[in-house]
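One structure below.
Chain naming follows the written order as A, B and C, and within any one chain the residues start at number 1.
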């Protein structure tokens, strides 16, 4: 049977070599017909529009990566001067040191020694501005004739507030999520889910306001704190923002536990609560752990709530009921007043860099746990 | 004895967890209730439409509302298109294994986890100092310090960056909800990839783009940390007229007024009312977004 | 509706040579060589998973859309191997149209569904589009049913009508080949009969390849039949011959219902 060519306006080619100059010019003469190329219909056309659009879309998408890289670069760049000890913007007169500490009395030998020690530390400040030693000191007093950039009170402040927040929010959120996953009747679930979404949607400045105006007073009246605004109050306020995070991830992890495990447990005669506590909850542990990590990260980085509810005094102590200054609040409160490029500016950026690194690490670890939950745990079973 | 312990646990576990669940609901009610009760009386049309008077102890918050509005509009203009395009790239153009796609996803996930205050730092260090002073140098040889200052332009760009992940996630969800059969039908008719995206995928993803935009606006109106030193101000004599102007903003107003106002008693009503306005705003936005998202999910199930 | 004995001596519109396809490690098509005659209806039959749909989708390179697919061998359309590197897949798909198993009209009006293809091809004048829409709907035997309300959504039609809409949509771009992947499997017998009538009328102008799991349908509708089994082309012959005196035992077993 012979291959009859179907009568169409197509030039058919078996090999590119057989394209003669004649057939090319014929193609050019014939051109398009209703948008369809009638000769060499199969030949790849370069579509400029498609090409440009694809390239532009790819390029614009790259912006996300570009910006995150920029954030890394700039936040670290502006804090770099810390490591070079040549930043001195406010020279201090050594005379003042002696006069300030001891009135008119002639200093004794012991006191003199203390004065000398203090002089040395101040000299360090003069020389190094914000060297590593100073950053680790216990006083944060950037706006004074002898600026001190001791970060310890700030770090301790952040730690105190975060600890209170997580200690309060984690159990509440996890138990509430357990209730939703294991015990709640349908109507309760319908009530709880939107409540969590609403809570998550409340801006942190509103939570801060609520804490500052109403909650702090209530807590002081109930417990009789010495200071109305303190680490504890700030921590409780912070937990309002952390609860939705831990709840959502916990609830998600709990619901991902394969039904067969629950059924197996119940079939063995275990009760609902035994199943929930001894089978479902342990199975969801990696996810819950990830949730707590993310909650910690959020608490550590939160600014507005702590700015408004912690009293903002950089005190260095273990007392939970004293005012504190967190790292984030420090940046928030002081950044608006600094001179571009001076020591204070640099130190604030340094604090920001530390904050950034810390939350980034927490998120990365949490991510590992979330992924682990999806793969290893249930494949082995 | 063991039976008793077991019985106790059996009662207390559900009870305890139930209590926790109730407390969550209670917390929401208390917070909202407190704000509503405290601010309801001060809320009025006049409050919303006039500016502050008598050193912030009287009058309204009109400029703050306008400032917030301008901020989120500019933020959306910058962020929604970029977010949508990035979502299109990730779901339509990127191959699963491509390194570029993984880099972008990593970037988006990281952006989502950066604390708001760090965005503020970036806004200051990059937009205000680097880009701003750079622009000043180019435009006026460094003499006119116009762009090297905090203003509404830098604040909106900073916010756009912060809300970018929100937009991307929403739009990607909507794009993935478009059934594969529709794409195949279009391609089988001889449409190119972009033609298919433009004529079939995007028109059916509008709801998702809208959801992303609304969620971004809600975040943008609520976050204060990034604008603390990139453009917000407490009292300005006039509304922002140019991109290089500063602006008043609802959340910032609440913060300053409640922590630094000289006359706390006099401004208490205003504080509450401003908070109420912000709360109502974000609540309405979130509710609409949730409603739209529900529509997307039910459409996908069809 | 039986294959005419005085069949035209047509050429081969599509020829495959040693076509093999794999999804990752799994081999879905093994060395398929077959010749599809022009202006005839060729049916692809075989049990589930035998590769007939995969083969169909290879003809207009729709398998390219799936990640991890490897295709070797040749598929010649009008003597041109469409798997060459310099082939324009978009142009290919204008020449070879496809109708899917589950009808997939766009969520647009009937008119816009059909006008979609021509608009992509640069036709925008309303008069021309009106003409194309009417012609396509008439060819798909749907015109009388919808002509009064072309603005109605394509999704508001019944299953059978939607499928005919998809056929009209495919015809609107003026293809030469129609690939149909079990077009009537989701339809009731009346709608199915209408589709089969349509196919018979269309083969005048178009080359049709239809995948079907319904052997009676294959016998009713097609001129040639290809029997696939686990990725292999077991037998290919005139439909009449294959169903009455198949050459391979496997074919006979399948055709007589001994397995399937």
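We take it that a residue touches a chain if its C-beta (ideal position, glycine included) is under 8 Å from a C-beta of that chain, and two chains touch if they have at least 3 such contacts.
All values derive from a computational prediction rather than experimental measurement.
> Of the other chains, whose C-alpha centre is the longest way from the centre of chain A?
Taking each chain's C-alpha mean as its centre, the farthest from chain A is C.
> Which two chains meet at the most C-beta pairs?
Greatest count of contact pairs is found between chains A-B.
> Based on mean C-alpha positions, which chain is nearest the centroid of every protein C-alpha shown?
Closest to the centre of all protein C-alpha atoms: chain B.
> Measuring from the mean C-alpha position of chain B to the mean C-alpha position of chain C, what distance in angstrom results?
50
> When the C-alpha atoms of chain A and chain C are each averaged to a single point, how far apart are the two points in Å?
The answer is 54 Å.
> Chain A to chain B: how many Å between their CA centres?
16
> Residue numbers in chain B touching 2 or more other chains?
192
> Which positions in chain C are in touch with at least two other chains?
90-92, 94, 121
> Please list all residues of chain A that touch 2 or more other chains.
47
> Which residues of chain C touch chain A in their complex?
Result: residues 9-13, 38, 77-80, 82, 84-88, 90-92, 94-95, 121-123, 174, 176 of chain C touch chain A.
> Please give the residue numbers of chain B that touch chain C in the complex, ascending.
95-96, 179, 181-182, 184-192, 195, 199-200, 204
> Taking the touch rule as given, give the residues of chain A at its contact with chain C in the complex, in rising order.
1, 3-6, 8, 10, 12-14, 34-37, 41-45, 47
> In the complex of these two chains, what residues of chain A are touching chain B?
47, 49-50, 53-54, 57-58, 60-65, 67-71, 74-75, 77-78, 171-173, 175-176, 178-180, 182-184, 188, 191-192, 194-199, 201-210, 212-214, 240, 243, 247, 271-274, 276-277, 294, 297, 300-304, 307-308, 328, 331-332, 335-336, 340, 348-349, 352, 355-356, 359-360, 363, 367
> Hey, which residues of chain C end up touching chain B in the complex?
Those residues of chain C that touch chain B are 60, 62, 65, 67, 90-94, 97-98, 100, 102, 104-107, 116-117, 120-121, 166, 169-170, 173.
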